[in-house]
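See the structures that follow.
Next come two complexes built around subunit A: one with subunit B, the other with subunit C.
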Partner chain A sequence: MSGGPVTAADVDDFVLGAKLLSGGGASHGTMPARWLRHAMATRGDVRLVPPGSLPESAQCLAIGFIGSPTIQSEKLPMVGQFAEAVRVAERRLGHEVGALAALNAAGVNALAPLLAATELGLPVADADGMGRIFPNVERSVFTLAGLDVGPCTLAGAQGDVMIIEPAGNMRAEALIRPATVALGGWCVAVLYPMSAGLLARHGIHGSVSRVLDVGRTLRRAAASDEPRGHRLAAGLGGRLLASGIVAEVHRPSRRGFPSGAVIVTDLDDPDRSVRLETQNEYMLALADGVPLAAVPDLICTVDHDTGEPVDIERLHYGHVVDVITLPAAPAWHTAAGLALAGPETFGYALPRDQGDR
Partner chain B sequence: MTRLTVRELPYLKALTGARIVAGQAGADAAVREARLIDHLDRLADTPAGCALLLTTDLTGWAVEMALRLAWERAAACVIAHEDQEVLDATHRLADRLRMPLLLAGLDDPVSTAIALGMAATAPRERRAATLVDLAERLAALPQKPRSVLGLLNSRLPGTAVCLLTADGTLLAGRSAASAHGADVRDTVPARHTVAEGQLVVHPVIGSDGGVEMRLVASLSGAADAWADTVATALGLAAGPITAWAAVERLRAERDARLRGTLLTELLSGTDATSDQIASQVARLGWRLEGWHTGIYLSLADPTDQETLVARTPALTAALAAVRLRGVVVERTDGWSVWVDHLEKPSPRTEGRMADRLRALLAERPAGLALSGGIGPPGEGPSGLRTSLASAREAAVLATAAGPGHLERADDLGMRRLLLTPFGSEDFRSLADRLLAPLREPRNRPLYDALRQYLDQMCSASATAAALGVHRNTVATRVARACTLLGVDLDRPDERLAVHLACHAVGPPVS
Partner chain C sequence: MRIGVDVGGTSTDAVLMAGGEVLAGVKAPTSPDVTGGVVEALALLRGVHRFDPGAVQAVVIGTTHFMNAFVEGRDLTRTAVIRLGLPATSGLPPLLDWPERLRARIDGGTYLCHGGHDFDGRPIGDLDEEEIAGVADDIARRGTEAAAISSVFSFADASMERRVAGILTSRLPYLKVSLSSEIGRIGLLERENATTINASLSGLAGRIADALGAALASAGLRAPLYVTQNNGTLMDVEPARRYPVATFASGPTNSLRGAAFLSGLTDCVVMDVGGTTTDVGVLAGGFPQEAPAEVTVAGIPTNFRMPRLLCHEIGGGTIVTPPRRPDGEPAVGPGNVGDALTRRSVVYGGPDLTLTDLGVAAGRLRLGDPARLAEMPFAAATLDTVAARLLGSVHRLRVTPAMPPVVLVGGGAALLGDPGTDDVRVVRPPHHTIANAIGAATAEPGGEVERIFPLAAGGRDEVLERARSEATTRAVAAGAVPASVRVVSVEEAPIVYLPGSATWVRVRTLGALARDGERA
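Let's turn to the complex of A and B:
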């Protein structure tokens, strides 16, 4: 549906799709959806345009939130926070911004470019840098293309703005994380400044409209009485790994990031167990010791009965879920892509012949 | 050459403390070599029969993948670091694949892998090392069943060992092994397959050449190779146990002899016991003052006499179980027993003691067919002597009645005469005493009628004719005489006793 406007009527579907695409990542409450609905109701629809339709030299920026969604729900955003960040970035870059892109069109971050667009009246290029959630800003197809993440402009909810120019994309996270803490736990981030031409060449196309498509597919599936499972997976362009009962939820609390494992026992074959390894998001799915799917591909869980996406935090023993995997953008399956965001980079040293499925 | 099996791995020194947490069904697989795995890639060229040691990097999901890859490559087992939480799902996977999963300390995985590899290529040497270690420890231990069984159970992990008596009673060791062992009756070293695995049995032969005890080891589905090691280990352990049994037997016989001699002294002695006897009595913990009830237990089957000394502890325990705690002394054909009382026992107490003893005899205590006599309570050494003597007299009558019978000396009455030699002074005086009620002048007709009646083979008519009275008069007089004496002429032994007594006290006065 690339090219059409996103309207207030689309917000619910968009949020639903963003939630599924978060791959089990932390839920973010209702605040961002209310924020987007309010912004669209007061300032109008958002134009979503294919990156190729923009003038080659138009200045584009990747927009997202960095930090804790939980803190965001408590320390509410400032009016004009996006506009402030983009204005500071424009001053630093010396160009007016022509269009906004998503840092990653998944989870709460999928909403960021839309919110920014309502504040700035700019179009949103239908492309992003990840196609899913990654915990670090450098894990993007832009990094694969050799584009600089900086200058990075961060705007906090108290009116503070910081510009960070990392010496390289790999240094960005180390600088941005402490800055985010200083900015109040979360911030609006404007990253990867680039021309529309570069965005069209290197970005993951259609990833913003995909959020809406996924949301619509989920809503239709939830409304239908027909069995979901395979049908839903196919409708989403993915694969069903299992429909089963959550038998174990293991949440060790030793390391910094919430990591753990979820065991789903297949409804049809109780001897078959699917093990989902988690680190904020689902990272790896194994069935009886055989890898079924692994990061960078997306793994998600959907309530088997309601069709609602279920995040890891809310999974519990006895929950009946469909485990679905959606393929990552092709760029992630190149050698360079796997070296940046493959299973091994998350600590899953799979055998070479099984590392990329 | 018999291969090392997965089940034996926890018995390796290098894997001490390791346990097979899942996939037990595959634990009989042979281990041909060992590999250290620090990346799942290394599993690609794993040969069959390999034990895979995972480094600490490989935990959780990687253990599951390793199990799967190990299964695909027919590896022997997966050994992972124990410092991790293994999910139920991992256990289930190992069980389903029948791929044993072991958790071990693995502080030095390289050395462990080398030791494991050596053990896999030279299992005989490793078994020899286990047995030498066991033999050295056995030699250093006190020769007691508890110590020996404790050692076996600690050095033969995964194997429950117990020591049973010939009839299957647990003497020492783990009761887990005794469940099956109780039915074992092997007289030579043997092995049995049971539902949960194997039993390895090693009989301990007594001095008479028969089986005195059995060492029984229970192995959970273990490999034959390990059963070989266990069988040899039991053989090693049988030595100290045989020695212990012999020492115990000697000690018991020495004690029995001391007790028997002392009791003989007491029974034949006078009230004034010598100082020497008194000190020996004290050393054995016997108490001669106060009240005693004497008991005599007589063996119904004379062939049991050989085991008399050996059965004393069991019999003592059986008596104690029915609250007859006392001194038990071996005699030639049974045991003299006495129970001490703080004060004179009431007739009610006596009756209850007799009831409990009667019930005990009926169920063959310590596996023995016994008949018994119980004496009246007596005070002091002389009272004890009398009570024991009465008990023995009663036991003679009980033995005649058959095994399981108990006679109370107090109930013997006239029948006591049957135990006394006819014509002796004792007999004469006892008969006098027993017939005293009839010897009063006014009861003379009753005595005459009774004696004549017995002489006439209990014919009232003949008696009437001989005495010149009516037949009904005879019947009445005989009945009154029996009432006065407390005897029942329908009982042959009582009738005989009365008849003998009548003849002892003298001729009838016609």
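Let's turn to the complex of A and C:
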């Protein structure tokens, strides 16, 4: 789909798709879905438009959340938090905003442009900057295109707004994270101000409607009784890496470094095990030491029996899962793309050709 | 000696235990007022095993009554829902997604007020005492009897909730107040909902606690009364009066723990075959494996922790349609006689053929009047098919690559015969029909605390120490002898996407009840 409205009836599928596309990352309860349903019930549907259909010069912004979804579930959002962020950004830019895009249409962040659109009555451009989740804002196709992440406008849940103008995209993360802590642990972020023309040229197209499509595919697969591993992977345009039992879950160390690992023993061949390296999301899948898939491609786990996406935090010993990989947007497989978000940038030294798979 | 009682939807089971030994167990029908069934079960118990009431050191009751009352909207106290968090939190108002029916039952108004804290302890804003005084006026005007107070990050700093409680009760001394900091756990909506459910049950909890106390006294029992909590530990009836939600969903936990006790297994799958459903859960290291997702009650998201269960709509009361032709197969379900098994089943003179009737025909159960049954050559084979189907679901719950042993418990466990195979070991221990009551009788007092804490200098050690000490205090409040309390688990996990800033922690404690003469 593209160019249609997103309605309250789409929320469940949208949230399901967003969860899978988080690549095991975003562990959050049902709060964001309840928030979106409530916002749509009180303020109406959201218009989703292809970025190319917008006037070339229309001001666009990438919208997302930064910080902890867990803290967001406690310090709940304020009515008008998105509108506040966008108003401050408009004042700084000197333009009215014409459309909203997703910073990354995956995980809870996929919901951000829709929520913002209910507050502002603006259309959502069907495009994003990552096509998945990355733990840092500069890892986007917009950075690859040479666009500035700033000015970055951050709005907390109690009315505070900060504008940050990093000296370069690679400086953004170091400035935004402490600001996020000061704002209470999470915030609405408005980044990468650009024209609709630039968004259409450089953004990843169709990534918001893809979230809905993935959710629908998952729901249909979950409703069928047939074995779904391969068919689900194929239906999503990806590959099944393994169906197996979670034999070990190594949680990240308590001191805050985010890396961990999950080991899945193949259901059909107990001698084969797949090791998933994690850093907030799944980063790398190895079988007998050989890479099967790696960031920037997406790696996901789905409950083998129910077909529901399972995130790393909820994964437990004994869980029977399908491990699926979905290809990243082509821009990520260029030399520049791999230099910004390839396995080496996350600390994994892999053979050079890995990214070409 | 201890007495354990499980008040289920259909039957009230009681067991008398001494040390690790089951002296006697009985089943009585559950009465609508709870107490009648308990009195009858205690009388039956004395009938089958004479004991000195003075020698009973503790009576432990597990009941799903509060859950049922809430879901049915019965006997609820009108509750004001007060949230401290403005200017934050206004995007998701209180009672969001509550069914209209229950919203109308508890309707005491919702109040969004200023206050609350950030995860690192900074106040979001000051408490506005005039604002709270206005809430008190409104509560007085509406005649609301209970209040649920929830403040953002109150489990890290409960001072604002306590101040609001103080202001309200000084003006309205009759008001029954529930604080979300006592309910615990991150997730404001879910905690607020649980606190609201708790407040709405506060009147009922007081009446039931009084009635149970009187019932024990009339049976000559002077032992202290305890209630089992959702996490499998027990608490004194006094705190349970104020926090009935803590005891809300202890049934499945009691059954899992009872099965562990009876079988001596710490890692197994437990299949509890009841009248209407068969619940399958997992014990890992002696603890029930918890459901990964939040628990919804009547469609309302809450933060209760429940065991992970697979529920099959099949039990002793499932209706069986006999085959039309002698060589045909009977249809099992989907109907169920519910709690009317002893009126509607054929062996009890009723009109409906149930799995229980098949169990009697196959010689697996001895109850009712077998002479009422027609010839049913298919009975054993049908039950075996049901057993194989239920057993087939076990692989979905296994926690090791190897298939764990399966423990059969519950009133309908005998229906399944001995369904073990070469791949799956199945045990049906003695006293399996009253595993729930045994789970209650063997519970110990415990405490649990969950926190998010900032990783500032010294933050971790200090907060861990505070969490340990609070979990210990809770175990003592639940009835544990202070010196007996030990920390049984400390879990920590960093908060994702806020690197180096904050960590989640959960501390669980367990203690022992005082023996005679030790009680302070």
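Operating definition for what follows: the second predicted complex is superposed on the first by the 348 of 357 C-alpha atoms of A that agree within 3 Å, B and C clash if a C-alpha of one lies under 4 Å from a C-alpha of the other, contacts with A are read in each partner's own complex, and residues count from 1 in each chain.
Following the convention adopted for this analysis, contacts are C-beta pairs under 8 Å (C-beta built on N, C-alpha and C of every residue); 3 or more make two chains touch, one makes a residue touch a chain.
Keep in mind that what you see is a predicted model, and the values were worked out from it rather than measured.
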Exercise for the section: Kindly say whether there is room for both subunit B and subunit C on subunit A in the superposition, answering fit or clash. Expected result: fit
Exercise for the section: Look at A:Gly98 in the shared chain and tell me whether it touches subunit B only, subunit C only, both, or neither; answer first, second, both or neither. Expected result: neither
Practice task
Return first, second, both or neither, reflecting whether A:Glu74 touches subunit B, subunit C, both chains, or no partner chain.
Solution key: second
Practice task
Would you sort A:Asp305 into first (subunit B), second (subunit C), both or neither based on which partner it touches?
Solution key: second
Practice task
Would you check which partner chain A:Gly235 touches, where first means subunit B only, second means subunit C only, and both and neither mean what they say?
Solution key: neither
Problem - Partner touching more residues of subunit A, whether subunit B or subunit C - result: C
Exercise for the section: Could you say whether A:Arg177 touches subunit B, subunit C, both of them, or neither, answering first, second, both or neither? Expected result: second
Practice task
With the two complexes superposed on chain A, say which partner A:Pro327 touches: subunit B (first), subunit C (second), both, or neither.
Solution key: neither
Exercise for the section: Check the residue A:Arg34 against both partner chains and state whether it touches subunit B (first), subunit C (second), both, or neither. Expected result: second
Handout entry: Contacts of A:Ala157 with subunit B and subunit C, given as first, second, both or neither
Key = second
Practice task
Answer with first, second, both or neither: which of subunit B and subunit C does A:Pro50 touch in the superposed model?
Solution key: neither
Fill in the blank from the handout: Rounded in steps of 10, the angle in degrees at the Cα centre of subunit A between subunit B and subunit C is 60
Fill in the blank from the handout: For subunit B relative to subunit C post-fit, closest CA-CA distance rounded to the angstrom comes to 13
Fill in the blank from the handout: Residue overlap on subunit A between the subunit B interface and the subunit C interface 247, 252
Fill in the blank from the handout: The answer for subunit A against subunit B in the complex is residues 247-248, 250, 252, 261, 263, 271, 273, 275, 277, 284, 286, 288-291, 348-353
Fill in the blank from the handout: Within their complex, subunit C touches subunit A through residues 85, 87-93, 96-97, 116, 118-120, 124-125, 152-153, 186-190, 282, 284, 289, 292-294, 301, 395-401, 452, 455, 460, 492-504
Problem - List of subunit B residues in touch with subunit A within their complex - result: 39-41, 43-44, 57, 60-62, 64-69, 71, 85, 87-89, 92-93, 96-97
Problem - For the subunit A and subunit C complex, residues of the former touching the latter - result: 25-27, 29-31, 34-35, 38-39, 66-71, 73-79, 81, 135, 156-159, 177, 180-181, 184-186, 245, 247, 251-256, 258, 265, 270, 280, 305, 310, 313-314, 316-318, 320
